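In what follows, chain A forms one complex with chain B and a second complex with chain C.
Presenting the complex of A and B:
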């Protein structure tokens, strides 16, 4: 709860012009700053798709999502994936949920490290992360 | 291992990958391929990739959960120095990010779709990489077994070659790029016929093999060629061997056919002379020939005269014209070669009305497609009766053709009865004395070296001396037209746009064309 409050406060300060505010929040990283170039959603009831992004230095990146953002791969390298929390915010640091992301938006992707419990052995295998959504794990 | 024999372009040209989408590069590079790495999604991160290898990523089309791996494998392939990444089992097109990544890394990516078995593909690729000559030798062995003994028509040769060269387009051209069988779809026919020795043409991802064939007179008369998009060196070698293998049968057929057609054309020319000389009272041997060719002397005849620019096609290439003119009931036997073009006539039992003759002209205009690189001008005479009328209507068709020569469209048709006041000029065009005088007026402009200047001048005069309209009609730049007109004026020693000079030049040009 305290982490959530810290992130919320950090976003608020960033929106008011203190762009480095989030750096002071442990467990939070800004991993991408760029634009959405394309969004593809799979047909069907289940939310699933991929957003194509371009970073400020023109590196291509893909952001796979189901009903949450699942994995960010920049220039072919995995930058972050569930169970870490991937959060996309717009130019005003307001969150963009998966059903509202669209081409042309200026975005930043934040990663909040998952608590250790979500990675630990006592969690049933496959419940979290990419495999929890049926995706093949990328690994490192 | 076959050294650097196999290239990425050869892999992209495999029949199994014909529908695969190439991403990241505009055309398959000629980089060498040394191995094949088959990856399933679970080992995509761990498997060791070979230098200059083809990476085959086999996604599970049913599960639809590994597409994000394409980007990761592209990066791994880039780091390992792989030559190409092929992905099977993709259920939808790659997202923009993947396409951008392939281009950014410079790694060619082939998206093979869900219908292709990754195992079958890997086996095929390993066979190609390890023994690239084997498929070619097997194919050639099969081709030799099926090699025809006697002459074979261009149609048969094309079908045979295309059966051995999947996804390829085979065609046979005659001089000036005229298509005898098939037609080039990827390369320029003018480019093909500019080669006098066996060669290949490469334009971006298109390859074409060209094999020139010599006629009986020792000059290059025909070109047998095959073209293909996304083909590699191995295809080039196969196509080259196959074309050479079948060229003998084709050449025999072409030479025999050409000789036969020329003999028939000569016979019809002689027959027409007899008809015009004897009318209804032709000797029995001529009557017999008339029956054989199917010419009717009774009834109402409407003559037409066809001329092609810059010059008439060969008897063999005229076949396509005969096919077009079937729309007005003409056959190969109907066309008679004259010194300045081809004549024919259509016969009806009752006198055609003016509207019917006009319709005949419109039908010709619609149906006739001049062989590649030529323009056709057609004159249609007025209907005249019986044998005596044939010569008359043909002469009128020829005169109308002379008037039509002013047109610059692909097909220009003039019907004599519609000519109006320009009929006044028909006698003028037929005068020998005026032909000499016209040559004198035009001077050095009638030399072959000034053909472009003369042609441009003619178009310029017929467009009221408008540089812009002339440039548009001829597909030239305005400055080119201006330069050519300036040159014409220098040669003639007078400005061409004054009313009297313009009229005199127009008449002189028409007389020469007639």
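Presenting the complex of A and C:
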């Protein structure tokens, strides 16, 4: 709850022009700044949609989602994935739910690290719907 | 460390932060924020307790809403359904000393604060779910403490006490209730002593 309050205060200040305020919330990292170029949805399967993005320096990126955002791949490299919390915010730093992401939106992708238990073997969440790949810690 | 009050001025930040931690799911937070603001404006208070300050023998349980985020917008979740679910639990297990949100990400973080204000109980600063999930048995807490019962109440006044040997069975049963009660219900789960329910890996930053 206190993390939610800290994140909300940081984003609120960022929305009012103090983008540096987010540095005071070390749990949040901005990992992409760009636009949504295409969204494809496939209801009825585990990973239900893919958003294509373009970064500000024109690198292609892809965001997989189900009921939540699951994985961000930038220029072919896995940049972030569940169980870490991926969030997409709009130009006003407001969260965009998976059912409202659409082409043309200016977006930032934020990542909040998951608690350690979600990474550990005794929690049998499998691959969070990311079939065939499993959970790979970013950077490993 | 002592309790921190969540005030009316904190509601927009809490709603925004819970929205971020919802990871694109977990239900919209703006409707629940209106209900929380209403509770605080009429004198309710939310005392946020650091998990480390909760005495081990304190009686706690997790509160939240289960069901469709879309339908949650159509019928705003007021405190009545949560009071009914809590009443069922307390009748069976005794009075609770504090509440936990069943999940912080999305609508549930804001709603847990609303319930705490409505029933005048402190709220533990913890996230038993770890991140927004679609299933109750997929929580950090469920990996440590079996989920065997749920106290359920709908906005339409229906209540149920559900029990099962396994969390996934319980998850399917509670899911089966939703079409007949308007798509969502208030739930209270994981009743127990603080030392069992508040697992340290789920206590946030």
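By definition in this document, the second predicted complex is superposed on the first by the 120 of 140 C-alpha atoms of A that agree within 3 Å, B and C clash if a C-alpha of one lies under 4 Å from a C-alpha of the other, contacts with A are read in each partner's own complex, and residues count from 1 in each chain.
In this section, contacts are C-beta pairs under 8 Å (C-beta built on N, C-alpha and C of every residue); 3 or more make two chains touch, one makes a residue touch a chain.
None of the values given here were measured: they were computed from a predicted structure.
Once the two complexes are overlaid on the shared chain, A:96 sits against chain C while remaining clear of chain B.
Looking at the shared chain after the overlay, A:83 reaches chain C, while chain B stays out of its contact range. In the superposition on chain A, A:114 contacts chain C only, with no contact to chain B.
For chain A, the partner touching the most residues, choosing from chain B and chain C, is C.
Look at A:12: by the touch rule set out above, it reaches chain C but stays clear of chain B.
Of the two partner chains placed around the shared chain by superposition, chain B is the only one that A:62 touches, whereas chain C remains out of contact. Those residues of chain A that touch chain C in the complex are listed here as 1-9, 11-12, 27-28, 65, 67-69, 82-83, 85-89, 93-98, 101, 110, 112, 114-118, 122-125.
Interface residues of chain A facing chain B in the complex, by the touch rule stated above, are 37-38, 40, 42, 50, 52-54, 58-62, 64, 71, 73, 75-78, 133-136, 138-140. Residues 4, 6, 10, 12-26, 28, 48, 69, 101, 104-105, 109, 112-113, 123, 125-127, 130-134, 138, 140, 143, 199, 201-202, 204-205 of chain C are the ones that touch chain A when the two sit in their complex. Listed in rising order, the residues of chain B touching chain A in the complex are 41-42, 44-46, 63-69, 71-72, 74-76, 78, 92, 95-98, 100-101, 104-105.
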